[in-house]
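Here come two complexes built around subunit A, the first alongside subunit B, the second alongside subunit C.
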Partner chain A sequence: MVIKKLLRNPLSMIGLVLLLGFVLIALFAPWIAPTLEEHKNEPYRVPRFGWGSSPSPPTKEHPMGLTQGKYDVFYGIIWGTRTAFQVGLIVTGLSCLLGVLIGSVSAYIGGKFDEVIMRFVDVFMSFPFLIAAIVITAVLGRGLDKVIIALVLFRWTGYARLIRGSVLQVKQDEYIMAARAGGVSHPAILVRHIIPNTIFPVLIQASMNMGSIVVTAATLSFLGLGAPEGYADWGQMISFARNWVLGSPGEPLKYWYTVVWPGAAIVLFVLSWNLIGDAFRDIMDPRIQA
Partner chain B sequence: MAAAKNKDVLLTVNNLKKYFPITKGLFRRTAGYVKAVDGVSFQVRRGETLGLVGESGCGKTTTGLSLLHLIQPTSGRIQLQVKGKMLDVNSKTIGGLRREMQIIFQDPFSSLDPRMRIRDIVAEPLRAHGLKNRQQRYERVEALLNSVGLGAAHMNRFPHEFSGGQRQRIGIARALSLHPSLVVCDEPVSALDVSVQAQVLNLLDDLQEEFGLTYLFVAHDLSVVQHISDRVAVMYLGRIVEMAEVELLFSEPKHPYTEALLSAIPEPDPDIKGEQIILKGDVPSPADPPQGCHFHPRCPYATELCRQESPKLRPAGEGGHLAACHYAQKLNLNGVFPGETA
Partner chain C sequence: MLTFIARRLLFLPIVLIGVTLMVFVVMSFLTPYQLVSAYIKSPEELKNQSLDDLVRKYGLDQPAHIRYINWVKNLLKGDLGYSKSANMRVTEAISKRFPATIELALFSIIPVIFGGIWLGTISAKHYNRPLDHISRTFAIIGWSLPDFVFGLIMLMIFYGVLGWFPPGRLSMWADTIVLTGDFVRYTGMNTVDAILNWRWDIFLDALRHLAAPIITLSYLWWAYLLRITRSSMLEVLNKDYVRTARAKGLGEKVVVNRHVRRNALIPVATVSGSMVLGLLGGVVIVETVFDYKGIGLLTATGAQQLDYTLILGTTLFYGLLLVVTNLIVDVLYAFIDPRVRLE
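So, the complex of A and B:
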């Protein structure tokens, strides 16, 4: 039923088509941008063609040009799609799981327990997200896995807060009391009644966050805290463009390809998830629901 | 109650209390208590229906929920007869006694999980009590749905596809799935249309006969209570003020509060001018009940004694008629005659 409604909404259709495109690119990356023979064992390493530091414009062999350090932009974009999905799905999945678990249990038990857990959540939330992530990656060291840990650590609190509110409301409903009267155990009530009735706002939030997670990961890469140099990652592709964004005197658009391609990839990726999340929210809104 | 032979007694409730703390300030200091149920004692005999009536906020629902430990009672003793033995119902034993005591809820719209199919809603207590075989569960569900007037065709549907009356039937099927001996009916018809109320009440009547059920029927509608109950207990501000056989209570009330309630039953014939007793003021707050008899500020017969001393529930007439009024024997109160109300 949800899928049918998603297909009927033109905006979410655009989102789905975009997302499908990214999925296909990620799946068929080895065919779209074949790995060079000498890098067979490390396909995420973006090949370099030459040793100069300045970018070179698109050619037949390198349709998106070479960025700073002669890295192939096309290869980086295609394989970077896989990185974007990895970071997005792992971070969203883990932080969602953690948030739902902690938030729902805390709200269901309630009382002092809930109070303590929520103050704990407050502490996490009081850090500016980006700064906290920068500090964590700085402490743990550079690398995509560290970025993922940092993002999960400061993202679960939002989900926990969100589901807690719904659980506090739903746990007062009579069907919860009816389940207890029927002898259903507390964990079973949580899994079978509470979570199915509170999970939708979280899923909507999660699909909206998929995009912003990728942007944040790209930001960390841009700041030099993310993937190691040469790793296929959109954020890093943009960070390579840092010195070339303004072009050269008299030719402001001279190096446009260094920033446009990775920028477009990120924008479209975020857009696709936001459109889907938006449509999801409309569909799940109980006031619109028949 | 001395008249009730012990072996007939299914449920004994002794001095049941439920106080809800009122908290204040940043640190949730307990500033007082709402005495929702304040020392209620009664017995329910096997196979009968005990009606529990009172205004909203008098603690009748809290009493019902406390019996099943859906709300933790503050104090008091609850005993249930299981296979000839009186067993204590407390937080340790309740798990094993759930199959003997079930509940039908007031609101058929919030008492069914909107994301569950009917077959899973009705089968849930069976599953929780160890009936692992899905096929067997669904066979039981089908039989239960048949006995409440629904059928196999409804099993795969969701609650929002049903009307209020049908939903209440589903709630009844769920309550009966474990073959309980006692069913607490918490205002099971007050959320329904009047035309549907009668159907559900008759269904409850039929099921009582078919399954040998005992009901504790909580309600605020006196005509409903008169229709279904064998005995009636009237509650006011957390206490039982009168308890008697249904005909006796309606024809010869012994407590002024009961008299006032009865006089408020609407008269279907516009030519008959019944004398309505309009009580002064509101129900006092259960957080700060009046001294002496809880009812004295609103009682037309109150005296100095009523202001000083709280009356106990005492025999006040034949057939185990009990009333908590100092003047139960002296006052000559007006009742309604059986059959006079709809």
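So, the complex of A and C:
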């Protein structure tokens, strides 16, 4: 039913097609942008062609040009798609797991315990997400794994709150009492009866957050706190472009390719998730049904 | 109303302690040597004493609970240590940079709110018709544009090509005037100070520098407000009293503007808290891209240069700021919607 509605809406249809395109690019990256022989073991390292720091315009061999440091833009974008999916999926997966675990246990036990956990969540939520991520990556050091840790640390709270609300409702239901009367242990009730009945909104929320997680990761790279230099990563590609957006005197658009291509990649990626998420929200919003 | 505020105020110290504890936990990931600069008062101290002496002097070799108490004592005295990257005390850096950020936030919030609500109203009025699709697409594209990408493109077009909106806070000539003694700094906000000093040329120059960051921030946030206004307007449009208003023969304009929108704006007020949160985060990037010297750029530079003292200080500041803003938003909300007070 939901799928049918998604396919009928032109906006979400565009989103699905875009997303499918990115999935294909990520899957077939080794064929679209083959790794050079000398880098065979580190495909995520963007190859450099030539010396000097200034970008070079697109040519036949390098269809999107070379950015600062002569890194190949096309290669970086194709392999950066994989990086984007990896970061998005890992962060979403881990923060969902953590949030669902803490939120559901907290609600299930209830009382003082729940109160303490929720104040704890409040404190996490009283920092702006981006600032918190900046601080954590600065303290932990540079690297994609650090970015993932920082994002998970400040993302699980949303899911915890979400599932807590549903668990509080469900735990009073008759089938739970029946299960308890039947002698089912508390952990089993939680895992087998409560979580399957409350996880759906969390999963929807998680899929809608994919875009913003990828943007935040790219933002950290843009600030020089993310992936190490030369790693295939869209945010870093854009940070390379930063010094060149103004072009040279008389030729303000001289280096347009350094910002336009990586910018387009990240915008389209996020757009695809947001288009789907937007349609999802309309479909799920009970207030609009009438 | 008073009991509501009092209850909220009672919670305030608990959240504040939580915020300081959190920053302290992050601090404990650093070695005492990295932390020393968070305690010293001026760079001279580093010259005369060895790092080990300083670590002992400030009790950084003590157990965690004692360090925490000492640190909080320092905080209460308003001392956040010395920042290497800004070359001044952290409190001084924050108080110097904060007015610039407030100025940017105040100027941005007006187009964000009015533009977002306007787009949401159009969308709801033309639900599922072309105008709805157009305004939603426009807004979703904005929502999907990462601020640094959009900012760089703005810079490329409006400064590189057209030369209209330069980066920074003021042009060179204006900056030299502002720094002279004749120009009194009342607030630290360029536009306000320019008016108070009756310098309209400087006022216009400051606005010219604010334009690009404001456009960037507003476009990114319109989608968010559109979404909320639209769905709550759609809900209200189905209400009986709207049907009654129409049945009375009121014009469509009056029905939408007076009866529907006013009630639909209540959820919009609820999210203003989380919007302030997002704006403060977004300001970091926008300030970095446009070289706008506010607290966001201060934080970003601090993080890039691994100036832990500075970023811990600004984080704490952000945390406290948000706690206070949320309190104000809650109180305002209770003021707008009496039902909240009764809960």
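FYI, the second predicted complex is superposed on the first by the 264 of 290 C-alpha atoms of A that agree within 3 Å, B and C clash if a C-alpha of one lies under 4 Å from a C-alpha of the other, contacts with A are read in each partner's own complex, and residues count from 1 in each chain.
As a working rule, a residue touches a chain if its C-beta (ideal position, glycine included) is under 8 Å from a C-beta of that chain, and two chains touch if they have at least 3 such contacts.
Predicted model only: the values in this text are computed from it and were never measured.
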{"item": "Chain touching more of subunit A, residue-wise (subunit B, subunit C)", "value": "C"}
{"item": "First (subunit B), second (subunit C), both or neither touched by A:Gly80", "value": "neither"}
{"item": "Which of subunit B and subunit C A:Pro196 touches, first, second, both or neither", "value": "first"}
{"item": "Contacts of A:Val135 with subunit B and subunit C, given as first, second, both or neither", "value": "second"}
{"item": "First, second, both or neither for A:Val259, with subunit B first and subunit C second", "value": "second"}
{"item": "First, second, both or neither for A:Phe124, with subunit B first and subunit C second", "value": "second"}
{"item": "Subunit B versus subunit C as contact partner of A:Ala188, first or second or both or neither", "value": "first"}
{"item": "Which superposed partner A:Arg180 touches (first subunit B, second subunit C, both, neither)", "value": "first"}
{"item": "Subunit C residues touching subunit A - in the complex, by the definition given at the top", "value": "14-15, 18-19, 21-22, 26, 29-30, 133, 136-137, 140-141, 143-149, 152-153, 155-156, 159-161, 227, 231-232, 234-235, 238, 277-278, 280-282, 284-285, 288-289, 299-300, 302-304, 306, 308, 311-312, 314-315, 318-319, 322-323, 326"}
{"item": "For the subunit A and subunit B complex, residues of the former touching the latter", "value": "173-175, 177-185, 188, 192-193, 196-197"}
{"item": "Of all residues in subunit B, those that touch subunit A in their complex", "value": "65, 68, 70, 95, 98-99, 102-103, 105-107, 110-116, 124-125, 128-129, 171, 174-175, 177-178"}
{"item": "Partner subunit C, residues of subunit A touching it in the complex", "value": "10-11, 119-120, 122-124, 126-132, 134-140, 211, 215, 218-219, 222-225, 235, 238, 241-242, 245-247, 252-253, 256, 259, 263, 266-267, 270-271, 274-275, 278, 281, 285, 287-288, 290"}
